[in-house]
C-alpha cells in the first residue's frame, strides 16, 4: 500500500511522520495509523482515505480489476472560475493520483464477485460530473449484465458545478441503472463515508438495499453551514452525522472501518441475486 | 326516502319535528334537514346518516341492487357482557333496520357501475365483525371478478369486541381482497364519515386509491379519550378531525356531503380499471 | 350457555372442513400442538395466560432471535422518519440459510421498556417492518415475524403520523408478499398493532401467549364499565393459545417449559426453532402463486356468518378458482 | 476560449448522433423551438433569464394547471407525514382525457410564498409526488410534471426527515414508471429538488426558464467567494433555456410572450398546452417497454466524457439490446 498522508481537514502538523488526530489531538505515528486502517487508535476517529486505500481494505486480495480507468472529463461548458476547469482537473489528477472522483472495477468481497465503485474525496471534493456518472452507470450495467451485486462507497461534496446541468443529470442516469438492479433482484449495497452530501446523497447513495455508514461520517443533503445560515437556527447536536442519520431511519448500520469488509460480506452472502431475471417489461 | 331522526350524540330535543344542531344549537325542522342531506343549513354540521340514506345520496336512482342482505352474525364466542351478543344484535337490527353494520351491493355512480359498501354506525357502533368482513370481502371479490371499481363508505367504532380475534382478522381478510384490486388496476375509493376509527381505519378505510372524508368527521386510530388518558397530554385543536388528518397527509380531499357524489363520480371517470388483468401471480 | 363447539361447526361448514381435519396444512408432532385435546390438564385459565404473556422476564424478540437464529445483523430505520426501537428486524441465518426476521421488542427492565416504549410501535416501526418485508421479497428470503406488543402506541404523535395507515399498509403488504412468511406470537398479541406483523402462511403461538382484539382491561372498561372485570373479559374474549387454536386464528401452539417461557429462554427458543424450521422448509418448496393463493384462503376462511336458513352452505369454492374458471 | 460547440460535438460522438439531428424524437413546429438558431436575436442573457424565471408574477403551477387542463381535482398528502403545500398535484383532464399532474408551487405574493415555502418542498412534498406517480402508473394515466423551485428546502427538519432520500426515491421511481411522462420547466429548475420531478420521456422548458445544478448565487459564493459574481456564475453555468436545449438537457423550448410569461398567463398556458398535447398523444401510442427503454437512453446519453485518444468511440449500442442480445 502506498503510504499516504491521511488528511485531517483541521489543525495538523506538516510532518511526514506524525499526524495529529483532529478529534482527540493525539499525535499519531503515520505508519501505525495506516496499519490501523487510518482510524485513530485512541478515539476511533475515522480519517478520510483515498479510493485506492479503500479498495485495498474491501476487495479480496488480488481480485480488483479496474475498469474504465482511462475515461476522463471533457469540458462541455468551457468553465472558468478562479482557474479553468481543465486545469482544475489536471491538478486533482496530480493530487489524488486518480483520473476522476471514482474508481470502478470488478472484485470479490468475501468471495462474492461484485462490481465495486469507490469515490475519492481528494478529486475535486469527490464531486460528481459526467465521468463519475458514466463510470458508476457502467458498473451498474455490468452488474445487471452478469447478475453480480453492486457495491458503491461514496465520499462526495455533491454534483460538480463546473459541468452544470450535465452533472445534475448524472443523478438520473445512475439511478436509471440502479433502479433496474432492484427490479432484477440484484443486490446493491451503499456505503457512506465522510462526507457524503448533495446530489450523491440525493441519488444512488441513499437507495441501497443495504445502507451502511462509517462512524461520525458527515451525511447530509445541504451542508450544515448552508442549513444554519438559511434558517438561522441552532442545529441539534450531532446533526448530519452518521449516528444522527441512523436514528432518523436512513441508515441500516453504522459500521467501524475494521468491521466494514466482513459486514459487507455478510450482506452479500445473505442477499444473493435472484437466479432468474424477472425482467422489467421487455 | 324513509324519514329518520338524525341522531346527534349530544344535547337534542326529543321531538319528532325538530332537531337541535349540536354545533350551532340552531333548531332545525327535520323535513328541511333531510332535504338538505342532513347537513345543518346554518353551520354545515354533517349529521350522521344511515347506510340506506347514504346509498340514496350516492347511487344513481334505481341502480342499487343489494347483495348478501341475509348474511347474519353467528355467536362464535358465546359472548355475554351486559347482555348476550345475540340479543345485542337483535336490538341493533331493530334500531337500524339493517341486518349488520354494512350494506353492500352493486350500483351505478355517475353512470359508472361499481360495487358499493356502506357502513351503518347505528348497528352496534358500525363495528366490524365477521359479517362486515365477509360482505366487504365479497364485494371486493365481485369487483375483481367483473373489473368494476369498489366504493366503500366507512362509519365505524372499530372491530367488534364480541367476536374477539375473529373480528380482528377481518382486517386481514378484507385487505387481502382489496390488495388484489390494486394489483389488478381496479380503482378503490374510500370515503370516511363520522366516525371512522380503530380496526376499520387501520385496514381498508385508509388505503383507497382515493380517500375522501366528510367535513369534521372524527377520524383516528385510538379514540381521542384513550389517547388523552394514556398520554396525559392536551391534544392539539381539531385533533383527529377530517381537516386535521388532511393536513397530516392521509386524506385526498375533505368533501361536503352535497358534492360527494359528483366528486366520487369524477374519480371513477378518471380512474378506469385497467383493460387487462395483469394478474397477481397465478 | 351455548355449546362453544357450535361455533366451530359453523366455521367448519363455511370452510368446507370439519374440525377433526385439524388446521389442514400442519401435522402435529413433538414440536407443535395442533389439537387442544392434547393439552389436557395443562390448559390454564385465560387470566393466567394474560399474566404469563406479560411476564417481564418472558423472552422477547431479541432473546428469541439470538437463540433461534445465528449471525443476526440488525437493520435499522424506515427510510422516512425514524428508527423505532419498539420494532427490531434484520437478516439472520437459520440452518445456514438467510431469513429476514422482524419482531416487536419489549424490555426486560423498566429502563429498557422506556427505551422500547413497552413494545408499542409508532407508525415508523411498522414502516420499518414494511421496508424489511420488501427486502425479503426482493431477494426471496423467507420472512419470520415475532409478535409481542400490548398494541400500537396510541399517543397523539402516532396518530398524527398515521398509525392507522401504517398498520393497514403493513397488513396489506403482507397479504401479497411474494415470499414465505411464518408468524409467531411470543407474548402479547395486542389488536391491530399485532396483526400488522401477523399475516403469514403459518401463524403459530407460544402455548401461553395471547392474541386479542382489545386488551382485557380495555374490554372490561367498555363492556362492564370497570377495569376490575378484566379477568372476566379475558375469558370472554377467548384470547389464550388453546382458544386461538380452536378458533383457527393460529395453526399450532409451540410448547413452553412447564412453568412458562420466562423460566427457560433456551428451551423456549429451541421449541420455537423446532416448530418453525420445518414450516419454512415446507413453504420454500411451494410456487409463489400457490403460496399466495393459500395465504389468501387462510384468512379468507376466518369468520362465522350464517347464511339464510334452509339453504345449507356448500363448501366454498376457493376464490381464485372462481375467477380463473378452474 | 474554447469553441463552445466542441462540447456538443463530444456529446454527439458519444451519443452516436450529430447535433444537426436535433433531439431525435421531437419535431419542431410553431409550438416548440428545437433549434436555438431559430431564436435569433430573441436570445436573452443568462442573467435576464434568471430574473424572468424568478419574476413574482410569472405563472406558477396552479395558474398553469387551471389554464392548460380542465376539471382539476387536487389530491393531498403523502400518506406518511404531512400535506406539503409546496407541491400540488392531482387529476385533471386534457382534451377530455384524464392525466395526473404534479408541480412545485410558488406563491404570487409574500403571504402565499410563506404558505408555499417559496416553492421549496420538504421531503413530504416529494413523497406526495411519488404517491401520485404511482397512482398514474396503476391506472395508466399519463403524468405531467411542472418544475418551478429554487430547490428542495435546506432546513434542519427537512434534513431530519430525509430530504436526500425523498429526492433520490422520486428520481428512481420516475426512471421506471410504467406510464408516459412529460416534464415542463416553468420557472426555476433548482438542482436536485427540481430533478425530482424531471425524469420524463420528454422534458420541455419555457423559453425563459432556467435549470441549474446550483443557484448562481450559490455558485458565486463557492467559486468566486462573493455572491456579487452571480451574474457571471449564471453565464458560466449555462442554465438558460437555449443553453439547456444545446446541451440536450431539454428536448424543446416552449415560446413565451415577447415580454415574458408573466405578462400573459393565458397565452403562456396556451403555448404549453399546444406543446405538450402532441407529445402525450405520441407517447400514448408507445408500448411500455419501448417507453422505458427510450427514457433510459434519454438520460443514459447525457454527459461528456473522453475515451482514450486514438480510439474513436463507436456509437454506443443501446444498453437493453446488449443485455438481451439483440
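The letters A, B, C and D name the chains in turn, as written, and every chain counts its residues from 1.
Keep in mind that, in the parts below, contacts are C-beta pairs under 8 Å (C-beta built on N, C-alpha and C of every residue); 3 or more make two chains touch, one makes a residue touch a chain.
This is a predicted model, so every value here is computed, not measured.
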Identify the chains in contact with subunit B as well as subunit C, in label order. D
Please indicate which chain is farthest from subunit C, where distance is taken between mean Cα coordinates of the chains. D
Tell me which of A-D and A-C has more C-beta pairs in contact. A-D
Compute the distance, rounded to whole Å, between the mean C-alpha positions of subunit A and subunit B. 51
Whole-angstrom distance, CA centroid of subunit C to CA centroid of subunit D, is 47
Measure off the straight-line distance from the CA centroid of subunit A to the CA centroid of subunit D, and report it in whole Å. 28
Subunit A to subunit C, mean C-alpha position gap in Å, rounds to 41
If I count partner chains per residue in subunit C, which residues reach a count of at least 2? 79-81, 161-162, 165
Which parts of subunit A, given as residue numbers and ranges, touch two or more other chains? 248-250
Counting only chain pairs that touch, give me the topology of the graph as line, ring, star, complete or other. other
Okay, what are all the chain pairs that touch? A-C, A-D, B-C, B-D, C-D
Help me check something: in the complex, which residues belonging to subunit C touch subunit B? 1-2, 4, 7-8, 10-11, 152, 154-156, 158-165, 167-169, 171-172, 174-176, 178, 191-192, 195, 198-199, 211-214, 219, 222-224, 236-239, 243-244, 247, 249, 288-289, 292-293, 295-296, 299-300, 302-308, 319-320, 322-324
The residues of subunit C that touch subunit D in their complex are 79-81, 127, 161-162, 165
Subunit C partner contacts - residues on subunit A that touch it in the complex: 182, 185, 187, 209-210, 246-253, 263, 266-267, 269-272, 274
Going by the contact rule set out above, which residues of subunit C touch subunit A in the complex? 71, 73-83, 90-91, 93, 98, 124, 128, 135, 138-141
Report the residues of subunit A in contact with subunit D in the complex, numbered from low to high. 70-82, 129-131, 133-134, 137, 141, 144-145, 159-161, 163-173, 175-180, 183, 198-199, 201-207, 220-222, 226-227, 230-231, 233, 235-236, 239-240, 248-250, 280-282
